[in-house]
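The same chain A turns up in both complexes below, where it pairs with chain B and then with chain C.
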Partner chain A sequence: MQLQFSRAEVAKAPEGALIHDDATAKWFLVSSVAYFFIVGIIAVTIAAKFVWPDLMGTMSWLTYGRLRPLHVNGMLFGWLLAADMGLAYYVIPRLCGVKLWSEKLGLATAALWNVIILGAVVTLLAGQNQGWEYAELPWYLDVLVVIAWIMFGVNVLMTVASRKHQAMYVTIWYTMGCILWTAFVYLTGNFATLFTTGTNQANLNWMYVHNAVGLIFTPIGLAIAYYFIPRASNTPLHSHKLSMVGFWSLAFVYVWTGAHHMLHGPISQWLQTIAIAFSLMLLIPVWAVVYNLFATMKGQWHQLRESVPLKFLMSGVVFYLLTCFQGPMHSLRTVNAIVSKTDWIPGHAHMAVLGCFSFFAIAGTYVAVPKIWGKALHSQSLANWSYWMLMIGGLGFFTTLWLGGFWQGWQWNNVSIPFIDTVIALKPIWIVRFVSGIMMFAGIVFFAYNIMATALGDHEEAAV
Partner chain B sequence: MFRKADNNALWAIGISLVLFFIGGILTTVVPPLVDTSWSKPFENHDPAKGITGKVVPLNDLQKKGRAIYVREGCWYCHTQQVRTLLADTKRYGWRGVDAPISTPDEFVFDDPHMFGTKRTGPDLARIGGKYDTQWHKTHFKNPRDLVKGSIMPPFPWIVNNPEEFTALVAYMQNLGRGKDWRPANDYEK
Partner chain C sequence: MAPTDYTYPSVYFAYLFFFLSFALAVYFCFRSRKDGYWGEKGEDAKYHLFEEDDDTHRRTP
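The block that comes next holds the complex of A and B.
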């Protein structure tokens, strides 16, 4: 029955039977795309600072240590999570066969989210940093995040509760999982840490950082991929059973692995070993998902030639496979002794958050925006350019940082090389990173312009 | 059990949370209860038992300096942990003495923790006493004046504010000294 359901719902869901308002999705998508562009400028600035360390160096609010958290928080919460939420507001009502529970609540959530992001810009540039990665924002903004998340969660869960189809497609489980896990993961990383110190606090911090990716961006990103890959290729999902394996193993395995961020560090050895064992088990949910999505495309790969969303989606799946192969490998003690703390790590992190999850969100936005506004996409060729710039720039960025980081790790393990020589050795790597960053930024500009021109331009073309 | 979750949203939510909480509790709540070294400050006065010393809370000036270290994001590029790797103990040792490995009991008073994840610059877990105040002043003004090829940003707004500079240096000179690892107490001032 479930298989039938996914075929019917995802490949041939009748549209037009129900008119969706989509006001909330519109606001979330437009503001997230704007932040993608703005924070992109900061990203390129940071990359430039590696090449020219004195660049804007005399102004306290433009120093590296203040721009970096703005880059990370801006990309994670201003762009990616907001885009993911916008797409959830679009996808969930369609999969449930009902309207969004409350557009008013949704619009209030969008407004609050923008207040949070603007507050983050001001506080981070002013140096109000709590000192925890991914949790830099001051506590009063954290409280607003929790409120916004509850508003989002209530809206989605009430929509699911009022659904017309009893069976829930895999996208709905992932979205619900994301909402609930995020609540606890976020509370751990931003509030439980307030009552602890030292190693205990670091352990909570890494539980949060790791699961921000694993139990926030992974489930909502996969929710989007599971919806848009069958949708954009007009092909039913390969296997319902396999999607269950992926989901339930993710639910169990991911949360154990936080301590692998402190391998060899001042934290109990047995906890490190547990984290390593569960990191290896992560291959189960990842390979189940990746096989399922690849098998869905079997015989349909030619569609990638014509479809920019499918290009982004399937490249995202490949990056997901790679990044989640790297992760478990990094957690092996021998590999970790080389790559940990090096430039390899930003290469790995960018492949996950940009190469995989942002690619999914970009693809979803490219599909959803023309449908929401009832217009054709402003320019197919510009969309194609945005893909290739992000792809080539991204690959340049990832691969050079891996090479550079690996090299750096070997040098650090040879104590006869002074530290500064390992810095100087990486200068060519940082130049390539900067150039790749410019290409990625060009891709972001093409994408953002294309979306804005579609949404705000006066195209009279018919709905796609 | 999992089949039922296809059609029943509450059931799906229930199982996802139960599975999540098993790992969540066992890896966050249980470890500090099992391993007491996470909460007991380092203290040893018997050389036969290994390195001596005592970890005490920071004084007000050091606390102020630490807040500056947090504010400027020093911890994005500098870790504070000598790992259980030979290369770490050798590289961050000084004048022929290996740096002691960092242990949880040294960080009991650290809030926020400053372990870090990235070494764009060197580890600072045992930086205390390796360089004198004048060195730090010149270095913060423009790191490239002292270390050719460095990519550390300059921090003129700290150097030009004597109060902030004094606090930051007071914090840094104290780093890693809870374990008294210098045999002749030959710290720079």
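The block that comes next holds the complex of A and C.
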């Protein structure tokens, strides 16, 4: 066994220990947390616009049509994927028992990623938008994303290739799967759609949108959960074989589900039915993951009282179960006829991206940052507050939008109700959405401040 | 002259990626069996993440 330490902990490392530089992880984590805060401001602004539609409406670059894609892309690529990449740069070398293949390549990737995110801010606010969900960025930024992803992929895969252990832990499987699937999903969603028209274009776009969640954020999110739940609870995973069942069933099932976004639309009925059938089959990988992580915590639940990372992680697992139960259920034609295109959908999407995968990333950041900087976390109390604000605000946000979505859907299905009346009726829902958004933003502020104060502040060394 | 329609080449481009992903998944799934992930030593990998520190007292699940 070879002990492993970060560069900041080198003073207490015994001779022969493996020292990780973690410079790439540092840059990715710090910049992602900064974007989480900045894009959080945009999120609250958008929520306010639902209540006061004229708010800042005279400035073109602050209109809803420009802020909304910036919020979506900023949260997905500026915060979540960047944080996940930062955590992958932290986790993969440790699991492989070797140093990262190239810190220089990693730092170049971090710099390029920041160029992309800043470019996205400028272009989206300027109104340069390709008009496709999750694929709004102009093509030249898409090319940079592909280059950055190749740099990330080469670094991780070369690190894995030089690993000490032949057998790979499930986190490595999911990370490598994410690298390969993202290449396929991103290229199809951002480039193949440029050359298609009509229904085929819409079908490709929704295949991309759903697989962006299912084959990019799900595998890298689960990779993080599978690492940090055993680490934070100091308990081995319940079953590695069961984790393999989850991985392979995800690999074979997920890619077919995208067309459920176009149910009752102008695509073939057989394609809709395939999407529904495969959406229901998603319950297999989901239950394999959830059962495994819950069984890992058997007899260890008391640890949640003291551990903020575990609170985030296990709440994320519950949200993963809920969101992945919702998904197959509203893929059914009868349910879809009510909830499709309503506020139910952002309620569902926020539970997946914020409640599940962002909770995993926040937990990983809370564990990794003190280790990387060799310091104690700035404030455990503030970390606890960040959890409860995000949890309560998130629950208010999700449930309000689900209820509002059902209400909206029922009204839309009644042709005697004028559309504008269905908009006016939802105002109370959007007030609760705004208040919940304020609470979630407070959670983000507490988290971001805590992480920045830990990284930049002058604190005592963390206990080993 | 009608503009060139790239719809079918683009859809086949997407199908090609589908096929590549599927073929790779089938290959590596069978390869994982050969590499012992489903055998009696299939649980060994889950202890790797505790090897980086020696003061960890692993709890049995």
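List of remarks:
In this text, the second predicted complex is superposed on the first by the 445 of 464 C-alpha atoms of A that agree within 3 Å, B and C clash if a C-alpha of one lies under 4 Å from a C-alpha of the other, contacts with A are read in each partner's own complex, and residues count from 1 in each chain.
Everything that follows uses one rule, which is that a contact is a pair of C-beta atoms (placed from the backbone, for glycine too) under 8 Å apart; a residue touches a chain by one contact, two chains touch by 3 or more.
Remember, it's a predicted structure, so these values are computed and weren't measured experimentally.
In this overlay on chain A, chain B clashes with chain C. Touching more residues of chain A than its counterpart among chain B and chain C is B. Contacts of A:Ala167 after superposition: both chain B and chain C are touched. Contact with both chain B and chain C is seen for A:Met207 once the two complexes are overlaid on the shared chain.
Once the two complexes are overlaid on the shared chain, A:Met244 sits against chain B and chain C alike. By the touch criterion stated above, A:Phe184 is placed in contact with chain B and with chain C alike. When the two structures are aligned on the shared chain, A:Val255 is found in touch with chain B and with chain C. When the shared chain is aligned, chain C comes close enough to touch A:Arg94, but chain B does not. In the superposition on chain A, contact is made by A:Pro53 with chain B only, not with chain C.
Of the two partner chains, chain B is the only one touched by A:Pro69; chain C is not.
In the superposition on chain A, contact of A:Thr342 is made with chain B only, not with chain C. The superposed model places chain C right into chain B at 20-28; the other stretches listed in 20-28, 56-64 or 92-100 stay free of clashes. Residues common to the contacts of chain A with chain B and with chain C across the two structures: 2, 166-168, 180-181, 184, 188, 192-193, 196-198, 200-201, 204, 207, 244, 248, 251-252, 255. In the complex of the two chains, the chain A residues touching chain B come out as 2, 49-50, 53-54, 57-58, 60, 63-66, 68-69, 127-133, 157, 160-161, 166-168, 172-173, 176-177, 180-181, 184, 188, 192-193, 196-205, 207, 215, 244, 248, 251-256, 258-259, 261-262, 264-268, 271, 274-275, 278, 337, 341-343, 345-346, 412-415, 419-421, 423-424, 427, 430. Remark: chain A residues 1-4, 18, 94-95, 97, 165-171, 180-181, 184, 187-188, 192-198, 200-201, 204, 207, 227, 230-231, 233-241, 244, 248, 251-252, 255, 295-296, 298-300, 464 touch chain C in the complex.
In the complex of the two chains, the chain C residues touching chain A come out as 5-7, 9-11, 13-14, 17-18, 20-22, 24-25, 29, 32, 35-38, 41-61. On the chain B side of its complex with chain A, the touching residues are 2, 5-7, 9, 12-13, 15-17, 19-20, 22-24, 26-28, 31-32, 34-35, 37-39, 70-77, 79, 81, 83-85, 87-88, 90-91, 101-104, 106-122, 142-144, 147-157.
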